[in-house]
Amino acid sequence: MQIEEKFEPTIVAFCCNWCSYAGADLSGTNRLQYPANVKIIRVPCSCRVNPMFILRAFQRGADGVILCGCHPGDCHYTTGNYYARRRMTLLFSMLDFLGIERERTRLEWVSAAEGAKFAATMNDFVETVTRLGKNRRLEDLRCNK
Amino acid sequence: MQRIGVFVCWCGSNIAATVDVKAVAEALGKEPGVVFFEDYQYMCSEEGQNKIKNAIKDYALTGAVICSCSPRMHENTFRKAAAAAGINSFMVEIANIREQCSWIHKDKVSATEKAIVLGRAAIAKLHLNAPLTAGESPVVKRALVIGGGIAGIQTALDIADAGFEVDIVEKKPTIGGKMSQIDKTFPTLDCAACILTPKMVDVAQSEKIRIFAYSEVEAVKGFVGNFNVSIRKKARYVDEVKCTGCGLCTEKCPQKKVPNDFNLGLDQKRAIYIPFAQAVPKIATIDADYCTMLKTGKCGVCSKVCTAGAIDYKQKDTVLEEQYGAIVVATGFNPIELTKYDEFAYSQSPDVITSLEFERITNAAGPTGGTLLRPSDGTHPHKIVFVQCVGSREDGNGCGKTYCSKICCMYTAKHAMLTREKYPDTEVYVFYIDVRTPGKNFDEFYRRAVEEYGVHYIKGMVGKVSPENGKLMVRASDLIEGKQLLIDADLVVLAAAIEPDKSARPLATMLTASMDTNDFFTEAHPKLRPVESPTAGIFLSGCCQGPKDIPETVAQASACAAKVIGLLNKDKLTCNACVAHPDEMLCNGCSTCEKVCPYGAITYESKEFRMPDRTTRIRRVASVNPAVCQGCGACTVACPSGAMDLHGFSNRQIMAEVDAICK
Amino acid sequence: MEQKNLKETVLRISGVNPRKCMKCGKCSGTCPSYDEMEFHPHQFVYMVENGEIEPLMASKSIYRCLTCFACVERCPRQVEPAKLIEAVRLTVIRQQGQNHLKPDAIPALLDEDMPQQALVTAMRKYAK
Amino acid sequence: MQQVIRDKALSLLEAGKVDRVLAWKEGEFFYDQTPHVFKTAEEINRSLVYNGFSAANLSKYLVKETLKDGMIAVFLKPCDTYSFSQLLKEHRIPREKVWAVGIPCDGKLDIDRIRKAGLRGITSIREDGDRLSVSTIYGEKTVAKSDALAERCENCKSRKHIVYDELIGSEGEALDSGRFDAVEALEKMSPEERFAFWQKELSRCIRCNACRNACPACTCEKCVFDNPASGIESKAPASSFEEQNFHIIRAFHVVGRCTDCGECSRVCPQSIPLHLINRKFIKDINEFYGTYQAGENPDERAPLTNFDKDDMEPADAFRKGE
Amino acid sequence: MVFSYYPGCTLRTKAKELDRKARLAAKELGIELCEVPEWQCCGGCYPVAKDEIATKLSAVRTLMAAKEADRPVVTVCSACHNVLKRVNDDMKNDPVISDRANRYLQNEVPYQGEAEVLHFLEMLRDKVGFDRIAEKVTKPLTGRKIAAYYGCLLLRPGKVMAFDDPENPTIIEDFIRALGAEAVVYPYRNECCGAYLALEDRDSVKKKSSAVLNGAKAGGADSVITACPLCLYNLQKCGGEIPVLYFTELLFEALGLE
């Protein structure tokens, strides 16, 4: 009998150094659990995240990509998250336009004090992406050997 | 090819209990370029650092990957160790396997797997690292203090004392802040004015300090060492140089019905006023909302009586541009509005007052000349009820604050004690939930109120205050006796929660300094860096950071000054090494990056280039000022040709991490 | 029912988290029925948290609460003591034969002006 | 009109005002013209053409041409002037080296569309008001011009010249076009349908780079896809991802810079409707951040180099569509 | 203006005057009150228990009828108003209750608190406007000193009822002033009258109600008005000298109706 393995999605989380990465640290400090599927990449600011990185992640087999930054108005660099918000709004809308499941991408604002929000967001995102299943529409099959 | 060493930290059992550290080290040891791997109990300890240093030397490592706690904790520690062993400090990458792995996972297998992936990502990134050197920027040797209360005053005096110039910006017409409104101070009961006003005079007389009173910060640009601040000096309609502060105008002004905000509206002032006798600067100010001349063009009495000719009805706001090396936030606090607490009948009876109003009523310079009288009928109250924790310690879904306001227990003990001392025939009841008196001589002070002055401390809360026949019927519970009490009080004093001044939120945005959900400024570290904001060059003094009494405020103000002095004492600051840099051969000169740079760090220049086809061309290319660039990376994404990249977080480094994680 | 189950029942019915209480006593300071109660609102919160439900169930206090919600309105921690008292009362009257008000007793309590509302309310409060 | 343009080119050259003239040259087939730099009167009289098939947007060629010494004259249709203006804004063309002549345009023809109407063996086409006289090896036919227009011209956004030194003919106005209708139709589909649509379209991509090479916004010194150091170099559509990735990134790189000139779709040998991707971005920008037309106003901040504190969140953008 | 109207059991029996005068006054003000078809008794008091829905269903049915009619549902009785508003809030904000109730009622389109519940006084304040009422007054109650008695049901819980400031309400005082009388503000106007304890313990009720009336009397009131039949009963029965009236009676009088 073949037992179907539970689908474990690969989730890439880009976190800005000043708020969201610190928020992720805080959820660790408070021992708030979220699945190990989430792997965090530290960037100085949400505005450092190039759409190329997000597409790259999907190409290489990510099933969901989430970008976390400081709340609007609280960016360490004053305005970075505002630019990030416009870029991601347009990019996510485009991916949707091309028929990619919109739930695979997400932008969230998590402050350094919001450890609980970080964990809750990740739990929710992992659950959502798990429900969607494997990313098929935006992957490079050659990377999947 | 790099020669990489991998160092896996146990962090005691913090990591090792959930992550198989040996398995992580061994797995990572098989990665390309890794020539050494090791695990150890505490990598951050001196012994652990020595292991790193030795391995760098013994194995000729070009870089190190440390799998440990968050880089926010020990990145600097490990960078210093690497530098001490002779490699560039930016050749260190940290895989966060504690906060973002062992502490959030319970299953050892998946946590170990994840730790290996995080380690791989760090190795992949490190392969693309290059040595970086940080640039330097000069420091403007002057500080700005925003807020002229006791916190701002103390910080300014200490900075000036060290020989640096300081400017104080105060939005009110005088410095002094809340402390100038207070009558006596706990736990010594010395008069607030007697200890505050000499400091205010010191400020006024200091050659190093400039006071911009009746002024507000309008815009802040720049960065640590080089802030450009726009300060709006609001029109006083009085020439600051000519006004002698004689006060004649404030006596002759025919507009007498102006609420006196210094006395919290308990009495009235004139439309031209000096807030109090010891004001600094002692210059009259016209309240444009009430001045008949400014509103209708008819009156001019103050101008006629002013022998100095200082009145100027045509005065306009002016905006000054000033440079500072450091900025101190000392914006202070206010009691919360009590309109949502009408079970205590605050808006229904003038005899229900806040503690700060009580201070003014008992202050010799206050509306009653220091005699304790009821606001409603001017009679002596014989029964006073103090209610503690009004709006403090709430659950966060209501209108109050979740925190303890910290100062109320002590000032209420003070009020109760002073009342009993001056008016022994007055019964004083204090309803408390807890009496919180940590602090030197604080609990002794509270005990004196109870034991020597006979203040009735009742454990319980007031449920309802009903104004009835000139009395205030206070219904409350006495939890210890198990009784519901009904007290016919003459005066009820509410210990209103304190909150940060409303100006703090927009200021934080200007300064890009972070705040917590209560609008208190966040400190760089809650224990180890309590007087600095995480934003470099921004320092915190007094209640803007959290509730504090005067001794604590002054202590923090001086600590803050010490930090500022430490900064101003430097001639140059080491800049961020992770700055943006354009590949000039790829740059289109299109000016897109410049538009998204929040620091104005990008300029364009025309340069002559030898092209691959051996011709020469003059091309417009971007150039980044590394002293100004803070390394956010906005430009790198705006750039269509990929010419702009960021040291330390390059496109290829981040993509290498992505690849390693998604493999 | 066991003590633990009783506590769970009360918490389930009320939806209240008594651990939020900071023991200020404002509920009891504002309760209009305080003097007629053996256990007071703050004690309900404290005793429910401690699992001492049976003494509360046996007490007449549960029929003295007017559900006027003064304690709920004024609680600084939004603990809502009145809901706890109501939950203890419901725990009692949901048991067989524990109706506090029996229909045949009603006529004696009425006068001709008594509005229906009082009856309906009392039946809901006192009977299953 | 062709003669007017030839005369203008000749007079500019003769007067010494310019050294070269950038215009359209007749090609191997009558419908297949190429951009060309004319240096002599003889060359102009021989092969400079202007008719319904003079479709190429010439503005982009100025980037390279202005690197050379001397002045160059260029003929720009209304939509080309938007691209020209955008390139000026991006400092890609030195304004002082260009003599821009605005010329009128009443829509360009699409040979494929005429063929699709069932006309075979076409040897030449003559414009006759709103009719086309089509000579085929089977005889003369006529077609309504409106049935032969390129899609981008059917949905022409403007007849106005944004920037020029002199104008031939009279000035037109910006138009109200239905250019977003096709995008809207796609938006209304289910994600599965949209995915199927784009998979079908994009899988035809042969990565000839014609779209990029014709695009007046794609003027990078070196394209990221050609640059080994960029980390995303790719030359061939080796998988469906590569096709998607190339077109998404290319479109994203021209967000706020794309004037919607339609060259990408015009030059695509596989007839992929690439302009729809760009138009989706333009439509989103218009809806999310207020109407923005690249190239229209040299002083206006582009949407991606600008922000509003109350901009919508990505999630709101999705909700808006529901 | 047309509103759905929910009279409730008491207004059909012991408080017929309250009902009749409310309808006539509304008519005079140009308001049409359409009685909710086949309404059921609300149950008299809001069922606090979170674990059962049966006691809330009659209120939900009324609310659904109001949603169906697509107009706000107006009540005069404070108790009905309290029950309807709070059950509506549950349907809007408590997913467990709302889900269970909708499933029990087998609603194809779930009811999620879409109806607007208004007290007659809220309708007067927010939809008609007290200034318009003042214009309509033909027999102003000049010289009368009237005290408003709110009790608990109109105001609490403040967040759900959103009727007025629960600790310092002004709506009935404003109403009194609109009718030309002087409003007497006095203590205990938002404290409980003793409510349904009237059945069991008259003494307890007497204590609470007399405190209210004494306060009003001390404030110089010549009458007290209320919106709740049970409050009215308790206040009257405690034997104060001051007449206690429904607020609608004053409105009726001031509008010059007979």
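Each chain gets a letter, A, B, C, D and E, in the order it is written, and its residues are counted from 1.
By our rule, a residue touches a chain if its C-beta (ideal position, glycine included) is under 8 Å from a C-beta of that chain, and two chains touch if they have at least 3 such contacts.
This structure is a prediction, so every number in the text was calculated from the model and none was measured.
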Touching groups left behind when chain B is ignored (all other chains fixed): A, D | C, E
{"item": "Of all other chains, the one whose Cα centre sits farthest from chain E", "value": "D"}
{"item": "Chain pair showing more contacts of the two, B-D and B-C", "value": "B-C"}
{"item": "Chain whose average C-alpha position is farthest from chain B's own", "value": "D"}
{"item": "Euclidean distance of C-alpha centroids - chain A vs chain E, Å", "value": "51"}
{"item": "Where chain A and chain B are represented by their mean Cα positions, the distance between them in whole Å", "value": "31"}
{"item": "Centroid spacing, where centroids are CA-atom means, of chain D and chain E in whole angstrom", "value": "69"}
{"item": "Rounded Å distance, chain C centre to chain D centre (Cα mean)", "value": "77"}
{"item": "Sequence positions of chain D contacting 2 or more other chains", "value": "224, 232, 304-306"}
{"item": "Residues within chain E bordering two or more other chains", "value": "167, 191"}
{"item": "Residues of chain A whose C-beta touches two or more other chains", "value": "51-52, 56, 73, 79, 83, 87"}
{"item": "Touching pairs among all chains present in the structure", "value": "A-B, A-D, B-C, B-D, B-E, C-E"}
{"item": "Complex contact set, residues of chain C against chain B", "value": "20, 22-31, 34-35, 40, 42, 70-71, 73-74, 76-78"}
{"item": "Complex contacts: residues of chain A adjacent to chain D", "value": "51-52, 55-56, 58-59, 72-73, 79, 82-83, 85-102, 105-107, 137-142"}
{"item": "In the complex with chain A, residue positions of chain B that touch it", "value": "70-72, 96, 98-101, 103-107, 110-111, 113-114, 117-118, 121, 509, 512, 514-517, 522, 534-535, 578, 596, 598, 630-634, 636-638, 646, 649, 651, 654-655, 657-659, 661-663"}
{"item": "Chain A residues touching chain B - in the complex, by the definition given at the top", "value": "10, 12, 17-19, 21-22, 24-29, 31-34, 36, 39-45, 47-53, 56-57, 60-62, 70, 73-80, 83, 87, 111-113, 119, 143"}
{"item": "Chain B-facing residues of chain D, complex", "value": "67, 90-92, 219-224, 227, 229-232, 253-254, 257, 301-302, 304-306"}
